[in-house]
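Have a look at the structure below before the remarks.
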Amino acid sequence: MSLLEFFQRHQREILQATWEHVWLVGLTMIFAIAIGVPLGILVTRKPWLSKPILGSANVAETIPSLALFGFLLPVPWLGGRADRLAIVALTLYALLPIIRNTSAGIANVDRAVREAARGMGMTDGQILFQVELPLSVPTMLAGIRIATVLTIGIATIAAAVGAGGLGEFIFRGLAMVNDQLILAGAIPAALLALGADFVLGLVQHGLRPVR
Amino acid sequence: MPARTTHKDASQPVIEFRNVHFSLSGRQLLNDVSLTVAQGETLVLLGRSGAGKTTALKMINRLLAPTQGEVLVEGRATTEWDPIALRRRIGYVIQDVGLFPHYTVAQNIALIPKLEGWPGERVGSRVKEMLETVGLHGGKFEQRYPSQLSGGQRQRVGVARALAADPEILLMDEPFGALDPMTRGEIQNEFKALEGRLKKTVVIVTHDVGEALVLGTRIGLMEAGRIARIYSPHDFVHASDPMAAAYMAQLRVYDEAKREK
Amino acid sequence: MRLRRTRGTGALLCLVALFAGCGEREKGIVVGSKNFSEQALLGEILAQHIEARTHQPVTRRFYLAGSYICQQALLAGRIDTYVEYTGTALTAILHDPIEKESSAVFTRVQSEYKRRFQLEVLPSLGFNNTFAIVIRGEDARRLNLKTISDAAAYTPEWRAGFGYEFMERPDGYPGLANTYGLRFAESPRILDLGLLYRALLEKQVDLVAGNSTDGLISARDLVILQDDKHYFPPYDAVPVIRGETVARHPEVRAAILELGGKISDQEMQKMNYEVDGEHRDATEVAREFLKAKGLD
């Protein structure tokens, strides 16, 4: 059977696994943004937190993903459900680019703009939401884009601890020494990553500053 | 000549510094500064870089607070005011203007009125009024973005924005410093006329003697964190003390160089 | 800076649509299996029988890397059923201490799986894939050996061959030697699992520890000694099925129940040999089995 026929024959399972993968990545990105953006903002408000926060995120990034999944297995609430475990680990991975880009985006707002805003009597909250965040959108989006593509890749490893997704095809294919199975996982994963990168690139382009 | 000339209005000064000291990281930036600014006055703080002019200015809208002494605005210490309420009553113009790049000219000017909850129509007409006031006529500026304006136009929008909510007090920190001399001269004259009409209390920081003479009703010469002396423009021109004289000499050199050409 | 609202949000909506559009589809029944041929065979038998009885399409998700992965897949609903071994369920999934009595283990696994995971454990398929002490058929007949206790008398004259894991596990060789009072002429040889039976047949060793359903056992003249002292824990092959699946598709449960007790140790050995030894396709072997049993 050719690869194309294989894909056609198993298209339902492949789509199913793709949906599982998208779900893993989607939830992860929602959490990572919900946690990472506020942390990024916090770092700009309290600079002394920059080292511990960015440092921790950096450490999480440095641990090999498979090892991180393994570390979390014995944790009671997490180890019991592999998808929970995977989402926690994947979120930790996605945090660094998001925190870093959020804080950098805000820090790079023109000093004069910030001073004028403050001097005119805008509260810290108004400055954050009306000035700093809107001006940081491009940088933040770049971080989100990086984090998404990263997460799609690492999520394939999540199958090793039972979280499903496209990585499962890859691992099964390896166990059965079956190339077609491996590709059934690898190709959609690569396409997902490229697709997400492309779409987020469009969003970035659409929201770019006017010059 | 006494160090202080009393002004016509004998009631409470709008701005008052009482023995203000300010230090930061071990450096003394303001050293026992005392002055008053009466309603309708334009006080120009003149001095070299590092003299403490901007620091003093920032005391007024509480971007900085004194380490000793107090600054009173409308009779109340800045430290007693709610900082947001204080700043909303004071127009603030800085050298780099700091227009929001992601807002149109109209949105920039409308900023404080909107924050103060003015009804939409009033905001709209006020924006148009302000643009006319600062000399940006024709209604084609409203939808432009700051990046699409020239330096002089940006500066004018900055002033419009500062005046939009009709504050009693206007603070300006080297507002025209970034402009070329031609534009600067134009704007200074226009501003002078505006001053006359608006009757606000203005404090301007500059290191440009010419500007001080054109715009100020009083000139406060600052050096090393202190007020050396406060002059009327006339007195400043004919001053005999070394510092003022040096400034005037500089101005004459410039004048002569111009004439020689 | 202008936020190009229309273009930006348009692209964002595409992303959301992609996310939502690859929606959860009704996926039919999914049968899983672990990653060795016996499991693939069992999975195939289950799948084909369910298809025959319920006329619903069955998706196969075989060669999942182990008990934990299969358990997670069950819990998350990625598979509806797979075949587990009672001993493994007890220790690796429930983390309970091992017990020796087969029905006690089964009862415990069944009740705990229901209570903790809402998973239903169905009666055994009929065989027990536990450790097997294997000797040559000629020796068994010559010395009239049926149980490990019988053989204990002769072991001082024999050489043993074990896999590395069996040597190291406390419930492997050390416990075995203790329970039966086994002593060997020399210390046991440690061999690769794949070479154990060859060494036994070529008389390099006289006794090995394999799995009771290994294919070669039925294909060659080899005999499993009975574990009369019940040293080895039971690993009865039981189908595990999601409670939700049982509720939504009771006919699937009924179909799997029909397979209860239908596969003996020998029959499993034979099928394993056809796949591992003769390299036949597991799907074919499974189909033949079902036909022979009149279950197709």
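Here are some notes:
Letters A, B and C name the chains as they come in the text, with residue numbers starting at 1 for each one.
As a convention for this text, contacts are C-beta pairs under 8 Å (C-beta built on N, C-alpha and C of every residue); 3 or more make two chains touch, one makes a residue touch a chain.
Since we're looking at a predicted model, the values are computed, not measured.
Geometrically, the chain at the heart of the complex, using CA-atom means, is A. Top-ranked chain pair, ordered by C-beta pairs in contact, is A-C. If you average the Cα atoms of subunit B and of subunit C, the two centres end up 85 Å apart. Subunit A and subunit C have Cα centroids separated by 38 Å. Spacing of subunit A relative to subunit B, judged by their CA centroids, is 48 angstrom. Residue positions 134-135, 209-210 of subunit A are each in touch with at least two other chains. Residue positions of subunit C touching 2 or more other chains, listed in rising order: 1-3. Contact with two or more other chains is made by residues 101-102, 145 of subunit B. Residues 1-4, 6-12, 14-15, 18-19, 22-25, 27, 35, 59, 61-65, 68-73, 75-76, 78 of subunit C are the ones touching subunit A in the complex. Contacts from subunit A toward subunit B in the complex involve residues 110-123, 126, 130-131, 134-135, 209-211. Within the complex formed with subunit A, the subunit B residues making contact are 61, 63, 83-92, 94-102, 111-112, 115, 145, 147, 158, 161-162, 171.
Those residues of subunit A whose C-beta lies close enough to touch subunit C in the complex are 12-13, 15-16, 18-20, 22, 26, 81-83, 134-135, 137, 160-164, 168, 171-172, 175-176, 195-196, 199-200, 202-203, 205-210.
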